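The next part holds the structures, each set out as structure tokens.
In the two assemblies presented below, chain A is common to both, partnered first by chain B and then by chain C.
Right after this comes the complex of A and B.
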């Protein structure tokens, strides 16, 4: 990394890596060169001409090939005759850049005057108004008046649906092609292009279905004008009315950092999420999020949210009750009884820790398990041989091998798909895929293995020696795996074989190497980490206690069933007591992502009705059973947990809330640079070390025998992003996609 | 009948000329245009399929190049150059004559579907301006009379 280039920008010396363009070099010293088409995450094209600067290089004497110097020894600068685009000009040794000459300032003014010739200037009704690069840069650099005829303005269609999620306003578009380049270079869904040329150039989609991409929402963040807006947010609120709360997406193991934008609604008299925006975390989601994460939020204010405790009355009907009565009833039933607890893998660490403690410390006769059960069968292996603590996907490239086994990255962990795809396509990592069917990731694989349905574990156990030999020479080995079509035993066997491959090829317990499990939700690892190892009770128990359980197969048979839920699901509808919980947006807590990054999320909305956070409910029952717990908030629960859970030792809410400066900088005043993704407030979280990284851990091979193919597991549907479920069902904008994927699954 | 059914041999030859399929997009679009008379939506999707491109990308190519037609054209496409050298030799007046003769404006097709009249940028025959292409075939040093004769001849050939 010693290869630094020295240059001066407005006389200020700066040293940056070779290959960096002038815009980025200037950004390093907080010189904000205005741009529209340039984006630090996309390849430069130099289309908008907004970034014109004066560039010179040291004058070379043609005879001596030496730098010409003035009398006082300073190099003479040969200024280029015309202004250069700072976004496409790489820095060079001794370069001088001027960004504040009259010529440069005039150029900015003139480019803006041109861009505005046919811009509708409908800022008062534009969703981007208030956070619009064109608006801001016009104010900073543009002319107050136009010399062009108002009557000659070109008018174009203003409400063009590019798909069911994204709308295009053709007359606002300034043809920067950021959206096209994002779809081409980052998402690899080539569904947007220019059509025609010159004054008639416009953005089109001709794909079927149109603008079909899991990542389309990101184009609205990087659009420097109000041309692209989401079906969900358009005309819903003005950006300056919104409050922003840092949060973490709950829908897949990536744990994308998000900001919840909320507003007080006079109509409903309460706060609502108006939109979900990516929050920068270069270690996790950079500045992206998938469309599910962006649009699924409507469940938080769905009309059918539970708002009161419900208790089954003498006639067998669930009727509204008080917290006191409901909690007392649960405590009375649980006291001295055989209790089987099940907790879903969306539930926060703090709730899971207290639920686990309830079974280990308070209840005399009980067992606790995670739902879904299959990941619980291998989460210990995924943890032990998980990616090293200092793993950074951006470091993966040439010399590294990414092995994807039995999972579809784009469907199960969309943002990991984006990032690992770039490791392969842009930086040259080798990709090997083994699966029973094709996926989008297959496009980039240098080797593909296809096995029969349900044979993942067999394949891995048979190939261990061969693969280990092949991977020995790789610099790093990242193994992504899923549990599709496998029983719990099969999934464990697969994970164990893959761990063996890491050990045998010499990559266990290292940074940028390890297992990366495609868990179903955001906190599968966290909930597993929180629960004590208990023997699962079989047969009928006295009390079943379910916290956020969505899978009916995981519900134990019981005389009395308690459910903590957001909705009156089928499971809740069959319970004897239903306790209204709060969603992630209405409380604080933490999640542990699939790559073991522990991250905090914060309360963005007031609780709905009488709903309470799950940890509070558990504590209240525990108190009634004699526990002396006195937690006032999740921070105290986390602190207590970190004292006893070795993996989380040293972590606290303070450490998790630390944010570091990120590159490229986004979300500041210069929205034109990175787009409207939020900068990181609330913390970038912290990954705990994988046991295999720690001294004293015995990384030894374990022989694996793959269990027979499980006929029932073969019936499991492969995971798809818009798979129908209690939460996604309540998002109207996504309902078309949910229906389409349900239909696809039924016909498959 | 798809393009693949009708012109499979030509398609094979075109595809074999390039290291990657996407490079064949323009010759395949010409082939499709030859077959269908213009680059219909269906033709675009077929070419996308043949080149393993997204239909949006093919549509963009069609939209960029002026010699790909997105709408149904007449049997004969008459493209008159009205760029500077031709204009100096009276191309503007000549185009007006053509419009009168055919009874349509530049950019339109005659109601009988016979002729489409278009104006184009330089077609590299300035020394013999005014100049036009009729279905890509050059007609040099055009005069109003010559044009009328040509149109009448073409009408008779059907």
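Right after this comes the complex of A and C.
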């Protein structure tokens, strides 16, 4: 960057971009200035005074307007009479900062002594204890003894539910306002506020229902004390007892990087996920995750997980069987038969690849499809004209246009909502929304188009020329779209029209431009990429083989049904063979997010019962059908897949597990700076290039005729974050939200 | 020709052994028939652990797991849960739902006692942990928790709101009046 500012911090020279504050500049040379209220993702407010440092600037001679220099040519520094807050003071040329003078150290000590005057002696029972900035900074800089009389201490409420997910301990709060600022500036849910003043100042929520936000869990990560705790993790474990495994959230197309924190538990007699924490990936989720990703983990150790293969016996009952018998039965039924395979879009790439190979290489007469079927109708277009390989949402801003069509970003991809909202609100990108109803994103739109229910495809096909002309002058064009109220043909037609807009306005195949599909789950793109193009068999088949299928409409008619599942769902209950699979936490693999970033997840828990990973089950049946597969693990499957799948060429588990240092650094020893989000050591993944970016790709316009409105598709409920499902139902902590959204959907 | 000394040396150590036996046979033994008889221990002897209660019957343990963190042999396992006024186990919000010590692992160092912020766990010179099975040597909370004082209800108790809000109370103020 051209605009670098030179300064010295404790005598060490450092050059940083203009506008950076001293705290961040010091961070660049690993000088950790203690902070409480400052957070690198929030605007500075200078409320806590913990970051006081000694600042000086070169002395300017008023007569000559020149820097005064000593005899040996060094500039004379004019030190400011009082300490300055390093979190609000931007760097300036020639500035000198001292962070280790007696005055600075005393100031830190004094600020801590003040903060502790009314802080409770809670560390032993506090969920933050062990990863608490206040604890750590008190040990490093604070006084060992309080001069304050116990009687004069404030005693405040200790168990204040702010909504059903977050609890507040008023005594522990140090009034840094990080939580308020996160909710206001990042999530844009203005649900928290300060009430009263001085020593009586406290955090209140005034929304109805209280703390009404999808992102509240993040405030517990950035709260520098244990004032905010989640209902889920409250008293569940001490932080130092937890093992942490890098993973990827499975619930939406964003693919948030998470850490699964596990520990022994008597109830299950083994390990259990105690909490899910965001893992930093500045390309994907920064340091955030939504509350669904944070709290929908209880299914991994639900009481009703399948633990044994089940086979329907002569009397028509599903009874426990052995793997050998069950696998042999499936192989016998599938041999020479007409097989229809369906695979759900939460399943990992490796499983989907083997499932696809089974149908292309092993079975003679079979077809394979993805469930849900609607995204499968347009995933090829979304891939071809998807966002460019080097897309970085952080670079979207002034001059760029974000077009959101027929989807609700916050409900379908909450963390994309956060990121794209910042591109619009903080950096000045232009937002155009076309939808049949209102969404939270509508607040920031500079133009809103409302069409009739189910008319998205019509609108897009009619507007192509006009929109293309309008978007020609934009620097980048990002088009986010969903498939609400559309049939498969309708959704495909919409995607095609939007691709045409990209081509016509000259934005196809470019970085920071392209389509961003609001897929239903984490691996919709990946599963689609893995499956061979087969013609779907219609009518009744001999064998239906369902891998993680949640949608009853996608189940083919068959004489014999095989199901790989975690639970005895309604679909599994009607099957002839039910094979217990392992959840994402009990195995490793990779997912491809909605913006085509391929990311690895790792094994955090031992398998449950006799459950096996899906790829193993598929391989074992394939072997019994004569295949010579010999995969010992997902890495071998991935390597084989990358050899044959052109999109994934060049990717390997090694490349996916590489992590580069990220800015701002979080999750290191200085938890006070970035909060308790985890440092990324498990890999930041890699986005594969969109076909339209590659030379030789023919991006030509294709005429689109929107199909008539599909009456059945109009009945589909729009996607909501907490919509009822097999996984979310098993997280009691979210049951209130699931119920509320079900009720809302029923009355809608 | 054989002297007495010769005979003795040929008998080896046997007479010496017998001599020792006869000498000690009539002496008072230093060992006792444990566990029927017990010797008085130093009051500070670190024997088996007990989880203590307050006089009102509430448990002192707040489930903080600091003992488990301090334990050098990883012998302690704690799971915490939340109190409420209808079912209160300890003062404050948190109590130990599960508390186990593996007595086979414990080296009776007493670090757990040092770490405890509420003096809940005490190693006492009574009743030493013995057993026939490995499982039996894992002492669970019901074994470790001392009985409630006479005439006082054990845990859980129903308690009035606002009375037991804090887990850790400060030491009583030092009287500095002269």
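We adopt the following convention: the second predicted complex is superposed on the first by the 746 of 748 C-alpha atoms of A that agree within 3 Å, B and C clash if a C-alpha of one lies under 4 Å from a C-alpha of the other, contacts with A are read in each partner's own complex, and residues count from 1 in each chain.
Keep this in mind: contacts are C-beta pairs under 8 Å (C-beta built on N, C-alpha and C of every residue); 3 or more make two chains touch, one makes a residue touch a chain.
Because the structure is predicted, anything quoted here is derived from the model rather than measured.
> Would chain B and chain C fit next to each other on chain A once aligned, or clash?
fit
> Which partner does A:266 reach: the first (chain B), the second (chain C), both, or neither?
second
> Is A:197 in contact with chain B, with chain C, with both, or with neither (first, second, both, neither)?
After superposing on A, A:197 lies in contact with chain B but is clear of chain C.
> Touch check for A:238: first (chain B), second (chain C), both, or neither?
After superposition on chain A, A:238 lies in contact with chain C alone.
> Anyone got the angle at chain A's C-alpha centre between chain B and chain C, nearest 10 degrees?
Taking chain A as the apex, chain B and chain C sit 80 degrees apart.
> Considering only touches as defined above, state whether A:120 meets chain B (first), chain C (second), both or neither.
Touch partner of A:120: chain C, not chain B.
> Once the two structures sit on chain A together, report how near the CA atoms of chain B get to those of chain C, whole Å.
For chain B and chain C in the superposition, the minimum C-alpha gap reads 23 Å.
> Which stretch or stretches of chain A touch chain B in the complex?
189-197, 204-208
> Taking the complex as given, what residues does chain A use to touch chain C?
It comes out as residues 120-122, 124-125, 129, 149-151, 155, 158-159, 234-238, 240-241, 264-266.
> In the complex of these two chains, what residues of chain B are touching chain A?
Result: residues 41, 44-45, 53-60, 63-64 of chain B touch chain A.
> For the complex, give me every residue of chain C touching chain A.
62-66, 68-69, 77, 79-82, 92-94, 98, 117-118, 165-168, 170, 173
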